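Chain naming follows the written order as A, B, C and D, and within any one chain the residues start at number 1.
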Amino acid sequence: MPRNGWFSRRSRTARVMESVPDGIATKCVKCNEILFARDFERNLKVCPKCGHHHRLNARERLAITVDEGSFVAMDEGLTSLDPLGFPEYAEKFQRACANTGQTEAILTGTAAIESHPCVIGVADFSFMGGSMGSVVGERIARAMETGLERRLPVVMFTASGGARMQEGLLALMQMAKTAAAAGKLDRAGVPYIVVLTDPTTGGVYASYACLGDIILAEPGAIVGFAGRRVANQDMGTRLPDNFQTSEFQAEHGMVDRIIPRKEIRPALANLLSFFAEGNGHAI
Amino acid sequence: MQSNPSDIDRTITELEDIIATLKSPANRSRAIAEGIDIDRELVRLEEELQQVLAQRYASLSPWEKTVLARHKDRPYSLDYVRLIFDEFFELWGDRLANNDEAVIGGLARLNGEPVVVIGQQKGRDLKERQRRNFGSARAEGFRKALRLAKLAEKFHKPLISFIDTAGAAADLRAEEHGVSEAIARNLREVALLRTPILIAVIGEGGSGGALGMAVGDRILMLEHAIYSVISPEGCAAILWHDKSQSPEAQREKTAQAADALKLTAQNALRLGVVDEVLPEPVGGAHRDPVAMAATIKNALCSHLGELCRLSADELVDARYRRFRKLGAWAEQED
Amino acid sequence: MQSNPSDIDRTITELEDIIATLKSPANRSRAIAEGIDIDRELVRLEEELQQVLAQRYASLSPWEKTVLARHKDRPYSLDYVRLIFDEFFELWGDRLANNDEAVIGGLARLNGEPVVVIGQQKGRDLKERQRRNFGSARAEGFRKALRLAKLAEKFHKPLISFIDTAGAAADLRAEEHGVSEAIARNLREVALLRTPILIAVIGEGGSGGALGMAVGDRILMLEHAIYSVISPEGCAAILWHDKSQSPEAQREKTAQAADALKLTAQNALRLGVVDEVLPEPVGGAHRDPVAMAATIKNALCSHLGELCRLSADELVDARYRRFRKLGAWAEQED
Amino acid sequence: MPRNGWFSRRSRTARVMESVPDGIATKCVKCNEILFARDFERNLKVCPKCGHHHRLNARERLAITVDEGSFVAMDEGLTSLDPLGFPEYAEKFQRACANTGQTEAILTGTAAIESHPCVIGVADFSFMGGSMGSVVGERIARAMETGLERRLPVVMFTASGGARMQEGLLALMQMAKTAAAAGKLDRAGVPYIVVLTDPTTGGVYASYACLGDIILAEPGAIVGFAGRRVANQDMGTRLPDNFQTSEFQAEHGMVDRIIPRKEIRPALANLLSFFAEGNGHAI
């Protein structure tokens, strides 16, 4: 679709929401409301009618979260292999790179949020469903180790269907790797903050995503272990309407706060400031 | 897809049937009456059986191994616990809300030395299977395992964990009580546990549910056990989600998925995920649990001997590095 | 036995009614028309009211204090949290199974300094009361409190806890999820927590449910708050379990039990259980929550200033000794 | 009742079960079976018909648990005061002393169990319902501190209705005191084993009784927080038949093993031996 209407008058770089369609309008995936693209973008892709938080890719998330120009990527040179020679993996991977302009399903680096320095990781669901293979796990572990060495708080935005099947056992082992790295942060008393975004499930939820000192979540995000379909067929019990959402996880003690997208940046700044100021006594 | 030994054992079952038939007193008498040297014949047949078994089990496909790893006659954790340890004092409960019987554990002695044992436990008959949720632990099971792991750490006893599960429970209660959190916490806490940890993957190593009790210093895996990021069925459903296929076609796809996932012990060793593959008796562990247990016991003792020479700091460092290096990637300078 | 302010406030309510009546425009006009110096009269009445209030509240019986401590207008934990701290970032959940709203907690700033706050929270209206289980925490509430206490320890922030509960929940779910274990574990873990801990008993300090969040370095108690091993009703039922008594007689017995239990702040101070009694505004905290909050805030800051000079080892040692010496006994040589 | 029948022929010291009635027969409190006193005693006061474990007093428990002559009492000189001047407390206390021959609701000391040395505490329900006042709490704390100093495992047999009301807040504080002492054992890695016996409820269950590294329980013992009556009136829900028993607590993850009375001594010996033998590596 060629650029037209309002967008033609705006510079490309000013657009934070790069995945907002280039047209004048779009539709809410939840309530089907027709939304003007500009309003949608201004509202950080939250539907003004029903409040549905549409998915953001990693660059969009970074743009609305960290101080402009503060992000310095780490480990961009890490690229995936195909250790099992898994059917169609190479092709799918190439397609993901081409479609997203990313090299993997997570971006990691250092940044500042309202001037508070931190290490940040932002998963990208648009890259192979945000699945965690060797490189995703390695980037997360290195990001945490950087937080450890520099004693910088670590902030992780999660978005993933789970471990990357195509890397087999090596993908599964990234759960252990990231959890162990989170353990090092824990023992060293370096703050680790997780923000669960839509969707966070499977091996990602069951590893580094569940281990934050503070766990925030966006409203209505799908968050859970095995997926609604699996749970349903296993039990035959009626599942609650909010099953495997942020709200369900909060009810069950797993989430510290559900925070609308617009308030996440100030909330993170607040938390980083809280943890940064030592009372200087004890231990 | 229920495990079906006939997939593997058709020829073998025939041979076994013949041997059993020849051994019956009536047949024996008749054969002797007819001048047949029945004993010699039996020896020949037994030898042939061993040969067939050895050949057959040496060339099992990943899918056949999956079937075998899930086989209802395959020894479960408690079978090995009873065969390997001098004593076993079972301990129950997570000290929070439940006693999840998909996980067993307790205090034991390995050649007289005190150890703490945990394991994932399937059930033998229908009633026990239901009681143990078919070996699929909920949050409470992982928390029970962690409680016992911490007990091992506190009292400086080695921890030994037996892995055998299709995966963690994925039902409503599992989600309500935080099965993800329980697995994640186990991964984190056990990674830093200040005591030696040995893992034995004895049957099915199903995804995060297996891994949730499988972080350790040495990971041993039985020759025909499997260990996988996802079940072949789940993988096939994702890759080739054509519901209209015939059962045979679906089965074929599932076998392909098992191939693609490289879920065998031999591959796990190649990938560095496990440290040693333990040979099974000819024809699989279920044909000789006592011999299998002896093999496992030897391996446990030998690895434990090495680990006990390390300090807690060395153990934790080495364990961290062990998992830290797993993965496959290329690296260019940034 | 619901709290009934008229027990305490009959004279006071009369005075307040008179003052309100005189202040009405119609009555004012009429009084002025009749040549009465209404303003002077009002000042006199207000003074009298203050005097009556001060006298009345200085001599409340233990049972009257119980009624007042349970009064529905008395400020609750969240009221004080909002009045005392510059910011409050609430945190939910026990990271195990639930978010028990009978307990609140989060990150806050006390005069700009980061602290972690926990509290027992009753509900104001019926709906909120039900949601918060009338301020009676289950296991999950105590575990939520412990999670936040450990967060405070990990990040070297002081912990401040507000106590206001009739007791821990005693229903089926509480028992199923291990409310006893949760209280016991809190007692053990918080006793050894390596960060300063301040406790403020603001209303009802009901038995083990209160104590489960009330281990700390300094324990402050509001002038009219209560703290007791058992409720006066429970005590009366055990001591004089005569069901046939009239309501008046029962009430009388309950008041006697309140006396016998010595559940007032003044007695708690005498027994060494609390370190300081904070004076309430004339007529009780509910007549001036802002002033009450200011008093609490001052006390918190002053105690915190002292505690922050101690090392974690010194804190834990002193805290251990503080609870260790509580009790009354005679000792002969064995 | 004068001694008669079989008992007249047996020496007093040979009788372990001192609270077995002096008559020839007694009745099971659970199933009403008539039991010969001698059988009942031999069976350690477990009904041979229904298996009901009748309550033992502290001396009886000690006699069937520790090696003969190994028990050395501690802190017998600690005696209760009446800090609140509570109605009838002094009288009730004197009566309890006279009736039981004890000075308080718990005995503590050092002992050996099948030659394994330990510190042991045995609560006595027959002394004011085993309630925990200042002296009970103090004896427990001192017993634990002895375990700490001598690095001896601590074994506690619990039996109590909870905190001793008549000592008010000071009784409540014994929960904190005993739990803190258990915390010291925990941090020092000194084994702490609890055996829950009938009944263990209230502030005792919610403090030192719930904190063992290993928690054993006798079958059918009442174990719980607030008592069946309270839970019932609070909820209106139907309570399970085994509510607030050892079995209920085991189902809910609080008990390591339910062990019949006869097997408790060997089980304790086994546990003490397990914990005593260090592998000598790690930490």
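What we mean here is this: contacts are C-beta pairs under 8 Å (C-beta built on N, C-alpha and C of every residue); 3 or more make two chains touch, one makes a residue touch a chain.
Predicted model, so just to flag it, every value in this text is computed and none were measured.
Placing every chain at the mean of its C-alpha atoms, the farthest one from chain A is found to be D.
Ranking B-D and A-B by contacting C-beta pairs places A-B first. Chain centres here are Cα means. That of chain B falls 42 Å from that of chain D. The geometric centre of chain B is 55 Å away from that of chain C, both derived from CA atoms.
Chain C and chain D have Cα centroids lying 34 Å from one another.
Contacts with at least two other chains are made by residues 186, 252-254 of chain A.
Multi-chain contact residues of chain B (touching two or more other chains) are listed as 95-97, 176-178, 181. Interchain contacts give a graph that is no line, ring or star and is not complete, per the touch definition above. Every pair of chains that touch is listed here: A-B, A-C, B-C, B-D, C-D. Residues of chain A touching chain B in their complex: 73-81, 83-84, 86-88, 133-135, 137-138, 141, 163-165, 167-177, 179-184, 186-187, 202-203, 205-211, 224-227, 230-231, 234-235, 237, 239-240, 243-244, 248, 252-254.
Those residues of chain C that touch chain A in the complex are listed here as 87, 89-99, 107, 109, 113-114, 140, 144, 151, 153-158, 194-196, 307-312, 315. Within the complex formed with chain C, the chain A residues making contact are 186, 189, 191, 213-214, 250-257, 267, 270-271, 274-275, 277-283.
Of all residues in chain C, those touching chain B in their complex are 95-97, 139, 176-178, 181. Taken together, the chain B residues at the contact with chain A in this complex read 168-172, 174-181, 183-185, 187-189, 191-192, 207-208, 211-212, 215, 227-230, 235, 238-239, 260-263, 267-268, 271, 273, 319-320, 323-324, 326-334.
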